[in-house]
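Once you scroll down, you'll see the structures, which are given as structure tokens.
Next, two complexes with chain A in common: one pairs it with chain B, the other with chain C.
So, the complex of A and B:
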């Protein structure tokens, strides 16, 4: 398959420098495209908006060991916006948790290890089965509390969509993280402003999100979610100690990287023609 | 003048006057277990006091987490703890664990087979507060979750033993909780709880009750009352609703051509009775089969004894119906 690098693991020295992070971002979007072409459709928009966030985490910040996916001192990452799983799968593949050949079985055969949403039962390196929006931050609160109880200095990251903050459970967890002073917890909102039925401002407005999280007692950082150096700085965790949890509001574009997908609602999830596929690959490879 | 029955408060005991009881069997057992097992933590959604978890909170304050009135958070955070190797005991009322937090129990806990123990009060008709607090459908909902063990204990002895047993079991569990002053009766039957096992508490050639939870207390009373009328009733106690001990149930139901009566403190929809009926048909066991259960309805509020009488789960109501079936 054209977009799949043959070797199962890249020989890499993490953290990658910004230039190599940029190359990894392009690789990730190409991997995601291959998965969706295998399946016949997919959540392009939701995947491409969080590519830089996931790449910076996996290749510059998260303390991980692909040979020990359950290493007790690893940083935790809850990929709460589970419908964008292929972005996570690519990062796990390129970081060496499982082989690139798995891309070819994405969603398409019975027993496939890569399905539409991440599952801890099937994929090494996945810290939580997700797909039902609104669960991740509560799970992250439990993991961060457990880490403190155990005296471990791992950070817990939870990546949500902005539409996901419509779920009341997110705010239950927001209150709890502040109550328990979880400085080791970093929430990230992929603020692409679109959800299934349209602009979030019309579907159910949640802005100003910064004010809301600050009012709940969180430290809030607002950042361009496609700016790799800025993201790298914003996503660095405070790790241990007691204090406010951190919410990184990352401004993004749905479908980022492909001109005809950017900020277009219908690309939340859609099918792709052969012609469009060629265009997507050309634009991604050109590093748009 | 007759004593005016009051609406049973949340904290009211289901014990009848003069009945032997034990205070807070779950809370005290968990305190002891936690001393031996450092991985146990306790979480609640502002109901420590009414789930006997306040006893654990007082004994192990560093391992108690108050999550406020937020059951989705309660389940998610418990899942997070369990994923990190802890054994969270999460408590609330059965209605909130099932109806409000179902998706979280399903996806955040059960899908990953996480070692979370949900211990939930006010099962079935054990409060007079009306449908908002009466968990008459919790078993129906939770039976549909793959791999979730469901326990419906009968008395204080069984709660003590089941608490130990579910801690020894690796996997998610939902246990219905009787709290406060809890009746104690199974000592008299030389009973020891075993996870997944149904046990014959008494034998009888005319009727076989297959019951769980509070209704086993009732069926034992009814069996004694029926004996005085010359009707011999046996009681097969089934505290583990899932996985169901189909083998024992089928063997006992097939024995002796008795009237089989499934009895439960739960809606007639989706609980022990339907599980037993399906198990018997599946095993090719044919017998006269009846159900004692709460109706498929939103139940009234009121005083518990009145409600138990009205909805047919008091001892006298059960005895009367069984006699009518035998007539």
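So, the complex of A and C:
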């Protein structure tokens, strides 16, 4: 296994351009692979589908200060699809919230600071502990409401899976966000069309998601979830004011970036052989 | 007049001496006072403003009462988000929905996230006696106290509710607080200017023969029982265990060395609630027999509150009888 290099902290005064964002996307998938190799297995598919989304947020859009993870004016990010935590961990590491050395303890020992699902108890920069699906949007509604009450112009983002929208509580939150006219709230659905047991269309069809969110009173943007410039545009928050919340439906491929994982159900979570590991690294390093 | 009817008559006369106050009326009054004292406080309701005594609050503080509709899971999630962004939040609602419908949100969003939400649960126990098992709630204390980083409070009457919410608001711990509440009129006996410290029980009556541990409206029944037992030569200490978690183990351990038996009375399943907490704590020390009075793992019938409690053995007259039989059995064993 290739060692983990602790790169110098990036200067984030200027958001990264699409080319450097692309490099960061590759780095993120490599970091995630290292975490899963350390642990012995992982949610490859679920992580790789949202890599561009998370990278664009952390390296082009979110207003953050790694030295002040509790800064009151920071943008909030609720990583509702918590089972893809390593993608978030990589972004937090590369953004300077905690060191790359933590990768080596992912799921490996009692007291590991990095586990399968994100926790604000152990990881600086995590705004809400997640992992139980269907909670995140409600928490995001609360954060966005607090921003309004406190007169702060931070944006609140919530990243969900499309399978997660099976949970009824998501739609309770959908109704509430529209009622409260939370223009400072951006929901994102990583629409990779697969859940643990198969195609969402078979397990529990939720499409047409665009129509559903529009019917709930949201502005809906549909975008290629792997197109960095398009995502950067789509994910820009209106921040303040009263108006419809925004739902970004990002079309993605589960396992994106590794040919034998793309769109394959079993790669929701699986173990990797040494040969597969070499192939993953080769493909990711060569990737666009 | 027989002994039993004399006792019943004496208890009825004693009850007359105490005023009644509705829990939800006090709740509405207290929340208005707190809203005035804490300008950042927000209250969330799930379409129950008119059922929880919050109408006047809604008129006075319209912009501070957030109505999320009939969606308790969403309500607790939103409360967590508000709290994580630094806002003091009280979640309004019925115990049945706060603790059961939105249980995972209480665990993950509120407790695991270390928020400071106050989760209130009205109509708990048998206080909505005619509501039937969908609205009666007798499992909430067991459930909520099993959640790490959750405080569980059960105030005894309207006056203690007022003090209890003050203490909850002032709590510095990054811990959600579940406050179990009744509904309609309950006897009022606590001193409105009294002390309420989370985790610190109150000895309502002194006595060294038996200790009656109670919370919620059962404290009143216990004190009536204690007063009658005193006239019959039995010293029944009454401990108001308003905090089920963290439990006042000091008071329990002290009692274990001083009384020969315990009776625990609660408006809750005998499994896992105050009775469970007390027996867990006493299991570490030498103690006399413990009798648990509560709902015996069943769906009780419906009925008006006080009659229903009496029918289920949760009233002063039954507590007197239980104490006497327990002490008789204890003496027999000792003899």
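What we mean here is this: the second predicted complex is superposed on the first by the 278 of 288 C-alpha atoms of A that agree within 3 Å, B and C clash if a C-alpha of one lies under 4 Å from a C-alpha of the other, contacts with A are read in each partner's own complex, and residues count from 1 in each chain.
Just so it is clear, contacts are C-beta pairs under 8 Å (C-beta built on N, C-alpha and C of every residue); 3 or more make two chains touch, one makes a residue touch a chain.
This one's a predicted model, so the numbers in the text were calculated from it and none came from an experiment.
**Q** On chain A, do chain B and chain C fit together or clash when superposed?
**A** clash
**Q** Is A:224 touching anything from chain B or chain C once the two structures are fitted on A? First, second, both or neither.
**A** neither
**Q** After superposition on the shared chain, which partner residues are touched by A:251: those of chain B (first), chain C (second), both, or neither?
**A** neither
**Q** So, A:65: does it touch chain B (first), chain C (second), both, or neither?
**A** The answer is neither, since A:65 touches no partner chain.
**Q** Go through chain A and flag every residue that touches chain B in one model and chain C in the other.
**A** In chain A, positions 119-121, 127-132, 134-135, 137-147, 149-150, 168-169, 172-173, 175-176, 179-180 sit in both the chain B and chain C interfaces.
**Q** Can you name the residues of chain A that touch chain C in the complex?
**A** These residues of chain A touch chain C: 72, 76, 78, 119-121, 127-132, 134-135, 137-147, 149-150, 168-169, 172-173, 175-176, 179-180.
**Q** Chain B touches which residues of chain A in the complex?
**A** Against chain B, the touching part of chain A is residues 119-121, 127-132, 134-147, 149-150, 168-169, 172-173, 175-176, 179-180.
**Q** For chain B, which residues count as touching chain A in their complex?
**A** On the chain B side, the touching residues are 41, 63, 65, 67-68, 70, 72-73, 75-86, 88, 103-104, 106-108, 111-112.
**Q** Help me check something: in the complex, which residues belonging to chain C touch chain A?
**A** 40, 42, 66, 68-69, 71, 73-87, 104-105, 108-109, 112-114
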